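Listed below are the structures to be examined.
Across the two complexes that follow, subunit A remains constant while its partner is subunit B and subsequently subunit C.
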Partner chain A sequence: MSPFEPGDRVRVLDLGKPGHVRTPRYVRGKTGRVERALGEFRNPEDLAYGGDGLPRRGLYRVAFDQRELWEGYEGPAGDSLYVDVYEHWLEGA
Partner chain B sequence: MSGHDHPHEGPGRTASPYALRIRAIESLLVEKGVLTEAEIQDQIEYMYSRSPANGARLVARAWVDPEFRRRLLADTKAAALELGIDASGPVEFVVVENTPEVHNLIVCTLCSCYPRAILGRPPDWYKSFEYRSRAVREPRAVMREFGHEPPEGVRVAVHDSTADVRYMVLPMRPEGTEGMSEEELAALVTRDSLIGVSVPRPPARAR
Partner chain C sequence: MERPHDLGGEPAGPVDRREHEVEDWERLTDAITIALDRKGVKTTDEHRRAIESLPDYRELSYYERWAAATENLLVEKGLLSREEIDARAAELSRAWGER
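Up next, the complex of A and B:
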């Protein structure tokens, strides 16, 4: 019942959530491709403040094209960047 | 100040404001019964028992044993345990493999996530703002400064380890190492090559 499969195009949401969030700003609003489902983990945004982190959230390794992330990126088209993103920060694209 | 011994710091070293703050927090945690001195000491021992030599052993074994390499890539914790390296704990480990087509680089832009249960503490530069910001934006320039330039046609893959997975690079076995023992091979594997800012150099006689 995983919402995303390897190969899916996804967009990283910009939830504007303060505090201990694990989604780097530079990928928010960017589109990438799910490379691997990494399993389900307790939500660090809740764990960091003494919560139990439940329900567990799916974690996905998302691949981005470097040239789409950075203006003037030095490197060829195949250069990529992988970030692990929890499912509630992702939507289908 | 707690006044107790801190054997992990050399005598005569001036403590930074951060170290003083940590000691104050440590004293409070002990005073309030959240932690004991013994638990803190155990954790320090644990961290000091981990080192890049563990990573080097895993890599050397993977170079000489294709079946082990397969297991290391598929289930890093289980493979590490085969060599007596206990990386158990809540975080997952993924080993990313350098190939003639792809060179991998590890960073944690948000803090200093690092495969500590295998490699111990990260180098100071790994935690620096400069490395964390530049490794994602200009990885090729960062590697050049470490003396590594991927050959023409090699793609660079940066892994920003921000969540519950810790990454380690499996570098390629250098040329000119045929016939070397596993131990000799392990000696070629540097900490920096496990992070991906450089690659293992062939032994001097083969250069």
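Up next, the complex of A and C:
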């Protein structure tokens, strides 16, 4: 059922959603690679306001190239940053 | 729109790595917050949302944020009123003779 598989290229959506979200702004609009699927969890954006968080949403560990995230990044090429992102924040890229 | 905890990539100085003794009120704050979670009164996500909603987030220490967020959630859920919390705090302050 999982829409994404390890190795898939994905882009993080910029949903402009107010309130409690767990997608840091520095990855929004950025492209990364799915490292692995972490399972399905109740949606924290709904739980945060007293909801039941259902339906459960897939959570993915996404690897980003540091040079893609930070302008002028001076670390070694190949450095990655991993962020866990819920599926409704992702689209295929 | 962006919440104060979403700091990644902002200019910042070095991380303050000094340790400090955990104070009694900090232990209490931790215990009460976790107990309320375990009893199903609130969720971790509500706790995080309440912390991020604090207007003085940047001025507060870690457990000051926890205490303020827990107070706000208890009031929001109608379990305690501000007046009850303030009255109890004043009572404890008199009994303990400080703060």
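Just so we're on the same page, the second predicted complex is superposed on the first by the 93 of 93 C-alpha atoms of A that agree within 3 Å, B and C clash if a C-alpha of one lies under 4 Å from a C-alpha of the other, contacts with A are read in each partner's own complex, and residues count from 1 in each chain.
Just so we're on the same page, a residue touches a chain if its C-beta (ideal position, glycine included) is under 8 Å from a C-beta of that chain, and two chains touch if they have at least 3 such contacts.
Fair warning: this is a prediction, and the values are worked out from it, not measured in the lab.
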Contacts of A:38 with subunit B and subunit C, given as first, second, both or neither: first
First, second, both or neither for A:76, with subunit B first and subunit C second: first
First, second, both or neither for A:4, with subunit B first and subunit C second: neither
Subunit A residues touched - subunit C or subunit B, whichever exceeds: B
Contacts of A:16 with subunit B and subunit C, given as first, second, both or neither: second
Subunit B versus subunit C as contact partner of A:48, first or second or both or neither: second
Which of subunit B and subunit C A:24 touches, first, second, both or neither: both
First (subunit B), second (subunit C), both or neither touched by A:89: neither
Subunit C-contacting residues of subunit A that also contact subunit B: 24, 26, 44, 69-70
Of subunit A, residues touching subunit C in the complex: 16, 18-20, 24-26, 44-45, 47-50, 53, 69-70
Residues on subunit B engaged by subunit A in the complex (per definition of touch): 92, 94, 109-110, 136-141, 155-165
Sites on subunit A touched by subunit B in the complex: 22-24, 26, 38-39, 41, 44, 59, 61, 66, 69-70, 73-76, 78-86
Subunit A contact footprint on subunit C (complex, rising order): 1-3, 6, 8-9, 43-46, 48-49, 52
